[in-house]
Every structure is written in structure tokens, then in C-alpha cells.
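Below are structures written as C-alpha cells.
Look at the two complexes coming up: chain A is in both, with chain B in one and chain C in the other.
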Partner chain A sequence: MEEGSVKLKHISKSYDKQTFAVKETSVDIQPGEFFVLVGPSGCGKSTMLRMIAGLEEITAGEIYIHGKSANDTPPSRRRISMVFQNYALYPHLTVEENILFGLKVRKVPKKEQLRLCLEATDMLGMTEFLKRKPRELSGGQRQRVALARAVVSQMPICLMDEPLSNLDAKLRGQMRTEIRQLQQKLGITMIYVTHDQVEAMTMGDRMMVLKDGEVQQIGKPLDIYNNPANEFVANFIGAPPMNITEAEVQRDGSLRVHHNNSLTLLPASSNMKMHLGVRPEHILLTKTQETDWELSVKISTVEILGNETLLTFEVGETLWKAKIPGQWHYEKGQVTTIHINKQHIHLFDGRTGKMLPESVGVARKPAAVQGGASI
Partner chain B sequence: MKQQAADILDTKTLTVQDAIDKYKVASTKTWWQKTGNYRIAFLYLLPSLLLFSVFMFYPMIYSLYLSFFFTDAQGTASAFVGWENYTYLFQSAAFRNSVGVTLLFVLYTVPSSVIIALFLALLANEKLRGIGLYRTIFASTLGMSVAASAVIWLFMFHPTAGILNAALTSINLPALSWLQDSTMALVSVAITTIWMNTGFSFLILLGGLQNIDEHLYESARIDGAGYFYRLRRITVPMLSPTLFFIITITFINSFQSFGQVDILTGGGPAEATNLIIYSIYKEAFIYYQFGPASAQAIILFGAVLLLTLLQFKFGEKKVHYQ
Partner chain C sequence: MKRKMILYALLTLAAFVMFFPIMYAFSVSFMTSEDILSRRLLPSSPTLDNYRDVLVSVPILHYLMNSFIVASTATLGMLIVSALAAFIFAFIPFKGRQAVFLLFISTLLIPWEATMIPNFFTIQSLGWMNNYLALTIPFFALAFGTFLLRQHFKTVPQELYEAAQVEGLSNFQFFYKVVVPYAKTSFVTLGIFGFLTTWNMYLWPLLVTTNDTVRTVQIGLRRLQADEVATNWGLVMAGVILVIIPTLILLAAGQKQLQKGLAKGAIK
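Right, the complex of A and B next:
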């Protein structure tokens, strides 16, 4: 296997031998790939990253880095660089000394050190700050020093643990693109931990969604967005989250949402509890050629953001959200009709939360939509 | 051109001032109301000011006063003698011996106290099972009175029944006369003092170590830095404010060691452990020479103050505050 690849085989981590922090994870990360580990806090994503770094013991399973078994390789021999959430800059050293720390440890010749340092700081626009101490820098500049430290190490794999979470929203957006560009320019493998689904969606070539130490889904961001493997993923990826409602399956195989309009399933699969999900951005307020299902709802709140309007309304007992472009004025309690294309409906098993295969759910390909809404 | 620029500047500053003047509203508060916070602050300070005045400022000033006088046996000033007490001290061989012994004692105790405490703190900072027990043990000398510790060591130093000589003879080494020999006596007092200092220094250094961000070490480990490299390049610089504090405190404490000298050696043998504080005590409360005793106290105060200031001036450059 190639340099820069990371392969996990049934990796598990347990601190107390009773519960898993990370459970049987297997994945192949390709050289030059931007791979994102995403999940809510406490899902084990940082633990997994730290196991890849060698900072945390692996309880079970195997890890291969650069194609070689790395279970017992110390962190310094894994040829990785790491950017920490709080940047881990040495407060008593200047920016330059911070950047050169690793090179000094590895006894890189002085001339080479200087060249690499200038190259990295130039790349990140930090040349004028070389003599400053970290405390004299802003959050964004510290972040850049941490990145420069990773760049200067010239390691083929870079690990990042929520590097943007200490920055303000605007800077975060900017650094997102910068990190992505940097990774592409250097052609290194990036393994990136975040709890922010926006970062996962925009930066990653592929991502792994984790929950309670278990892998929920691995795939390209758009594939995960379009075909979430289960309710958790559907909820976690996308903002606002997907609307999910319990739905009843009728004897004739049609589906009802809280005594509202029913929807025919193809083929019929009765006696199943199901959950129906629709993304807020797939709800329309007007009937178009594409929409083929409608629901009558009661508006409960309206948030007008200028370019778009967030509507919250009651669908039976649950609250749904809709993201509608433009500015819409509604009164609380007003009853209106929403329109949905059946293609955009996701169906999940009511007990396990798993996405139902297309044959059971509403077919997502237009050709398979035959029944239409039975009103 | 220049004139114009000045004009613009002038009008600009004027407009700001004008704007302020235009909308300024005179405060309706009286002087008494405005200074209310100062009175409250003074009230809060009053208890400490009172205590300090009675137990610190008054004795200090009174010592200074006495150092220029001859006194009677009750300590009442009887005759003004100017600098005579001081000149007498500098001519006295006993005082010079005291100064020498004190400096040697400081040299024995300060570096070893700090290094031992740092070593123990580094050990106790490792995340191991049952480390809490060791932390308690290492810190325990903090809770022991000077008298109790000195008595414990007195037993251990005992020439025939002491555990130290028993240990030495058991490995076929000659027994030492710990407190009776004039060179060993100072070393023995120093050992006791180091042992007593360790608890406090250990605790403070351990606290300092635990404040160092774990990620710094992880980052260094990924770079491949070994234990001693990390110790030298990360731990010591990051710990420098704490180390500086500990060195200063230990330094001052060493100068002021009294109890252990009193119990272990009483200044002997042959004045070999007659530290300045002990010499002050003997001068004042055994010989009733309050004048020279006060002069010694003032000199000690001045010396400690000067050395501490020097330490701040030169030592602080090596300290990295965050």
C-alpha cells in the first residue's frame, strides 16, 4: 500500500472494559484524501483520531499506516503531524521557535529549518509575526501558526482535532477554505475531526458519521446527505435537521401522516412502523409540476432571515421546519398547505431507525413513482 | 501647507472638544458621594491594617529605633549611640561567623529543597494507580510543626540509638557524629530543613505541573521529543513562574530558620550552626543586648530584601508568564 494511507481494521477502544468508546471501526483512508470524522460530542471521534496518532492505546483491532502495521509504532514514528483544538502552541516560545520545535527535535540542519519555516509562514501569511509570542496573536493567527507547524513537518498525514472550534463564525468560514486549499496544494492525507456538519459537508472528500462510538455511515458528503443510512445521520447532517414524523402504514399499503393525506407505498408492506422524513429545504409552499403530495399544516413560528424564511408548523403532534427562499409573512396559527415531491421523502424503520431500502420505501427515482398521492 | 494641516488638526480637536462641551452635563454628585467607594475600601482593609500595624509595622519600626540605642535589661532604650551597634557588629568575629554560616546554610538548603521537591512533583504528576497516596505522603511534612520535625530528626541523628547511624553501620560504614561535629552539624540542620521545606514546595510545584496543558506534551511526542527534552524545553520553562516563587519563598525561609537550630544544636557546636536569626535570639533574650540584636535584625531584613530584589531583577527574565 501507498505512503499516506491509513487503514483501520476492527478498531475498538474501551476504557472500562464494559462500554465502548469506539466500537469495531473499519475504514480505508486513501493517500491524499480529506477524510472527516464527524459526530456529536462524546461520540468517540477524537478518541479515534488519537488512536491513529498513537496517543491512545488501541484496545482491539489493527491499524495500518503507510501500508504497514502501526499498532505498536510510537507517535513520532508514524510520520504524522497533528493540529490540536487549542493549537497546543508553546507559550514561552516565539512563533518561529514554535514552528521549528519539531524540526529541532529531528535535528534537521539549520539552513533547511529556516527555509522550511519561511516557506510555511509565507504560505500562511505569517512571516511578519515570526518574533511574536503566541499570546500576542489573535485566535486566527494562532490557528495559522498551528497549521504552519503541521506544514513545516512535511509529514504525509495530517490529523486535525476540531481546529476551528475556537474561532468566530466568519473566520471559521475563511479557514475552512484555507485548510482545504492547503491540503490540496500539499497533496497530503488529512484526517479531520469536527462536530460541525457544515465543515464535514464542505471540506471532506469522504466522511464518517459517528454516534456513541459506533460508525453510522461512511461516504461522500452528498451521498450521505441524499441517502442517510439512518435517522441519526438524517438528523445530524443538514441544518435545520430533517423533519421526522411517525407514519402509519394502512392495510392497502398506503402511508398516513397523522390522519392527514396518505401516500401509497410500492410495493405494499403492511404491519410496519415507519418514520417519514423530509428535509426542510424540500418543502414548498406552492404547488408545482414536481410536487405530488400535499399536507395541511398549522403555522407555529415564522423566522424571516432576509434571504430565506424558516417556518415551523405542526404536523399532527410533531413540529416540522421548512426553509423557504424569500420573505414570507404568516400569522401564528394560520393553516396552510405544504407541497412535497415524493422523491424527497425518506422512510426509516420505526424500530431500528434504519433507512428502508428503496423497494420498500417510496422510490426515489422518478420512474418508480407510480402510485402518486391518494387523496 | 504645514499651516493648513495644523489648522485641520486644530479644528478637528476643537470639534471633539466642542462636542463634549456641548452635551456635557455637570454631575450632581457631591464630593462625599464620589469618594464613597474609597471609604468602603478602607473599611475592608482596616482589619488587616490593624493586625499588620500591631504585629508587623510597629515591631519593625521599633527594632529600627532600638538599633540606634543602648538598652537596659528590660529592653528600654537608655542611651542613643548612633551607628555604634552596627560598627560593633561588623567588627565582631561572632557576627561575621554567623553571616558566613547563614550563607552556607542557604546554599545547602535552597537548591536541594527545590530540586528534590521538583523531582518528587514530577514523579507524583504521573497518572498511576494509587498516586494520590504518594502525593499525600510527599506533602505531609507541610502539616508538621517545626518542633515536631526537629525532635523526630533529633532521634534519628542520635549517635548511638539513631536510625541513621544504625543504617550506616549496617552497611559497614563508620558512624557519624551528626550534631556534634562542627561541619556535620550544619549539614544535619540543613537536611532537616530540606525535609521540612519539601512538603510545601512539592505541593506548589505539583499544582504548577498540573496546570501545564497536556496537549503540549502530546504535540512534542508526535514531533519525537524524548522525556528529558520535554522536561528541559517544555516543563521547566512552563513551570518557571512557580519555580521562581518557590525559590524566593525557600530562600527567605532559609534565612529565617530558627526552630530546628534551637532544638537540634542550640547554635553549637562552637557556633557552627549559629544562624543569624538564632544569633539575634541569643543576643536579645539570653544576653539582653537588645540594641545589637535589633541592629542584626535590621541587617538581616535589609540583606533579604536586597537579595530578593536582585533575584526579581535577574531571575524574572528567565520566567515565562503566560
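Right, the complex of A and C next:
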């Protein structure tokens, strides 16, 4: 296998020999790929990154880095660089010394050090701060120093552990683009940990969604968004999260949501308890050619954000959210009708939460199936 | 304004009370015997005779030199040993580390005097009597120093250790390239503490020295005090002032460093 690749084979980690922090994870990360590990806090994503870095021992399984088994390789021999959440800059060293610290340890020639340092700081716009100490820098600048340190190391793999979580929202958006561009320019493999689904969606070539140490789904961001493997992924990816409601399968084989119009199900769907999910952005307020299902709902809150309006309404006992472009004025308690295209309906197994196979689902109009490349 | 005045008045008074013995010693060191006997506060005709006499009557410069060698060596040794021990306790996990550390710290509960006799026998059987080794090595391993440094080392973010590991630093490189500069303030504090303690040591040097070769200045001072005839207090005080000067210089120099360190932490 090529340099820059990371392969995990049934990796598990347990701290107390009873519960798993990471359970039976296998993945192939390609050279030059931007791979995102995403999940809520405590899901094991940082542990997994630290195992790849070699900072954490692996309880079971095998890890291959650059195509070679790396289970017993110390961090310094894995040829990786790492950016930490709190940047881990040495407070007693200047920016320049911080950046060159690793190169000095590896005894890179002075001339080469200087060239790499200037190149990296130039790329990140930090040249004028070289003589400053980390405490004299703002959060964003410290972040850039940490990035520059990873850049000069010239390692084929870079690991990042929630590098943007200490920055304010605006800066975060900017750094997101910068990190992505940097990775593409350098052509390195990036393994990036975040709890922010926006970062995962916008930055990653592929991502792995984790929950309680178990892999929920691995795939391209859009594939995961369009076809979430289970209710957890559907809920976690996308903001606001997908609306999920219990649905009753009628005796006649149709599906009904809280006394609304029933949906005809495909033949294989009989006798199943199901959960029905719809993304907030797929809910429309007006009937169009696309829509083929409608629900009567009671508005409970209206948040007008300027460019879009967030509506919360009651569908039976559950609350749904809808994201509607434009500014809409509704009264609390007002009853209205929402319109949905059946192809945007996701069905999950009521017990396991898993997405139901294609053979099970809502019968659609032929036209909708034709146009529905996304599902 | 009034509050401030009262405050300053009280502080001045307190400072005066604190410094009176030293100021009086300073004053006495310039007095003639007659002045001292008539219990004057200030010398009637200041004289340097006492200083001249003290330099002639006992090898005070030799004692000062000894004290300096002993205090510096003991301080340096203590800093090195304590720092290495503290580093292990703060960064290198091993089974039973907590227990070993507690055991280590619990030695703080044993007064030095209680271990004096066994220590003396050890030194004697090693043949270290009248040797610098006897005055320095027993003070290298200091539980207090280890504790102080370990507490400061603990504040070094774990990420720095991990970042260093990723960059390929060995534990020892991490220790002297990152941890030591990081905890500089504690090193200065502990260094001053160690130096002053060893400088002021009296009982132990008295036990392990039988002649002047390595004897320290505190015992030298005792020698100025006559046992049978009347003591020339002017002479003794001149000696005392000579002994105090190095410690004052050290404090003044160290304080600057300490303040620098403290201010550094405050801004961050």
C-alpha cells in the first residue's frame, strides 16, 4: 500500500476491560484523503485519533500506516503530524521556535529549516509574528502557528483533534476553508476529529459517524446526508436535525402519521413498526408539482432569521421543524398544511432504528421515482 | 488617603520591629567595646576595627568559601535530583506510582533531627567525615522539593507531552527542553530555599566536621564567641554581617526573577 494511507482492522479500545471506548472499527483511509471522524462527545472519536497517533494503546485489532503494521510503532516513527484542540504550543518559545521545534529535534539542516518555516508562515500569513510568544497572539493566530508546525514537518499524514472548537463562529468558518485548501495544496492525508456536523459536511472527502464507540456509517458527506444508515445518523447530520415520528402501519398495509393522510406502502412493508423521517428543508408550505403528500399541522413557534424561517409545529405528539426560505408570518396555534414529496421520506425500523431497505417503503408516483436520483 | 497613611505607618512599624535585630547587629559591628558596654544604639565613633579583627582572628573568608561551595553544590544537586524525581512522578506512569509518591511525601513527616544519628553513622562508615560529600549529598533528595516541582510539572498541559512525543522528543529531551523552562519559577523558588537552608545549617556541619578544612561559616561564627572570657560582641556582629551579605544578594537577585515569573503567569 501507498505512503499516506491508514488502515484500521477491527480496532477496539477499552479502558476498564468491560466497556468499549471504540469497538471493532475497520476503515481504509486513502492517501491524500480528507477523512473526518464525527460524533457527539464521548463517542470515541478522539480515542480513535489518538490510537492512530500512537498516543493510546490499542486493546485489540491491527493498524497499518503507510501500508506497514504500526501496532507497536511509537508516535515519532509513524511519520504523522498532529494539531491539538488547545494547540499545544510551547509557551516559553517564540512562534518561530515553536514551528521549528520538531525540525531541530530531527536535525534538519538550518538552511532547510528557515526555508520551510518561511514557506509555511507565508502560506498562513504569520510571517510578521515570528518573534512573538504564543501568549501575545490571538486564538486564531495560535491556531495558525499550530497549523504551520504541522506543515513544516512535511509528514504525509496530519491528524487534527477538534482544532477549531476554541475559535469564534466567524473565524471557524474562515479556518475551515483554509484548512481544506491547505490539505489540498499539500496533498497530505488528513484525519480530522470534530463534533460539528457542519465541519464534517463541508470539509471531508469521506466521514465516519460514531456513537458510543461504534461506527454508525462511513461514506461521502452527501451520501450520508441523503441516505442515513439509521436514525442516529439522520438526527446527527443536518441542522436542524431530521424530524422523526412514529408511524402506524394500518391493517390495509398503508402507513399513517397521526391521523393524517395515509401513505401506501410497498408490498414487502407489511407488519413492521416504523419510524418516519423528513428533513426540515424538505417540508414545503405550498403545493407544487413535486409534492404528493400533505399533513395538517399546528404551528407552535416561528423563528424568522431573515433569509429563512424556522417553523416548529405539532404533528400529533411530536414536534417537527421546517426550514422555509424567505420570511413567513404565522400565529402560534394556527393550523396549516405542509406539503412533502414522498421521495424525501425516510423510513426506519421502529425497533433497531436502521434504515429500511429499498424494497420496503412508500409507494411513489412514477414521476417522482424518475426524478429522485437522490434516494 | 488617611487609610493609606495609617497603613503605611503600621507597615513601617512592623518592618522596623522585624529588622531591628539586624539593624542593631549592623550598628554594633561598627562600635568599640566601650560603646557596646554602655548599651548605645549607635556607635559614638564608627570604626572598622571589628571587621579587620574578624578577618585576622578566624579564617572567615575560608569559611565563607566553604559555605558557598557547600550551599551551591547542595542546591544544584537538590534541584537536579528533585526535578528528575518530580518528572517521573508527573509524567511517567508506572504501577503503584501514587503509592510510591505518597511514601515519598510522607518522609516530610519525619523531622531531620530524628534521622541525624543514623545519617551520622552512615557518613562515618563511608569515611566522609571532614569532606564536602558529607555536607552536600545527604541533602540532594528532598521530598519537599520533589513535591513542589511535581505540582508545577502537573500544570504542564498533557498535550505538550503528546505533541513532543509526536515530534520525536525523548522523555529526557522533553524534560530539559520543555518542562524545565516551563517551570522556571519553581526552580528559582526551590533554588533560593535550598541555598538559604544549607547556608544556615548549623548542627549537621558541626557533627561531621572536626577541623577547619570544610567547616562552614555558621560554625565559624560560633568560634568568635568566647566560652570563658567575655565575648567581643562587636567582632561577632561584624562576622554576622559578613555572613548575611551573600544571602541578601541572592534574595535580591532571585526576587526579580520570581516577580518576572509571577507576572508572566498573570498576563496569560
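Criterion: the second predicted complex is superposed on the first by the 361 of 375 C-alpha atoms of A that agree within 3 Å, B and C clash if a C-alpha of one lies under 4 Å from a C-alpha of the other, contacts with A are read in each partner's own complex, and residues count from 1 in each chain.
In this section, contacts are C-beta pairs under 8 Å (C-beta built on N, C-alpha and C of every residue); 3 or more make two chains touch, one makes a residue touch a chain.
Worth saying up front: this structure is predicted, and the values here are computed from it rather than measured.
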item	value
Joint occupancy of chain A by chain B and chain C, clash or fit	clash
Which superposed partner A:Ser81 touches (first chain B, second chain C, both, neither)	both
Partner chain in contact with A:Arg106 - chain B first, chain C second, else both or neither	both
Which of chain B and chain C A:Thr194 touches, first, second, both or neither	neither
First, second, both or neither for A:Thr245, with chain B first and chain C second	neither
Partner chain in contact with A:Ser46 - chain B first, chain C second, else both or neither	neither
Shared chain A surface residues [contacts with chain B and with chain C]	53-55, 74-77, 80-82, 84-86, 88, 90-92, 101-102, 105-106, 135, 153
Chain A to chain C touching residues, read off their complex	53-55, 74-77, 80-82, 84-88, 90-92, 101-102, 105-106, 135, 153
Chain B - residues contacting chain A, complex	213, 215-216, 218-225, 229, 233-234, 237-238, 240, 320, 322
Chain A partner contacts - residues on chain C that touch it in the complex	157, 159-160, 162-163, 165-169, 173, 178, 181-182, 184, 267-268
In the complex with chain B, residue positions of chain A that touch it	53-55, 74-78, 80-82, 84-86, 88, 90-93, 101-102, 105-106, 135, 153
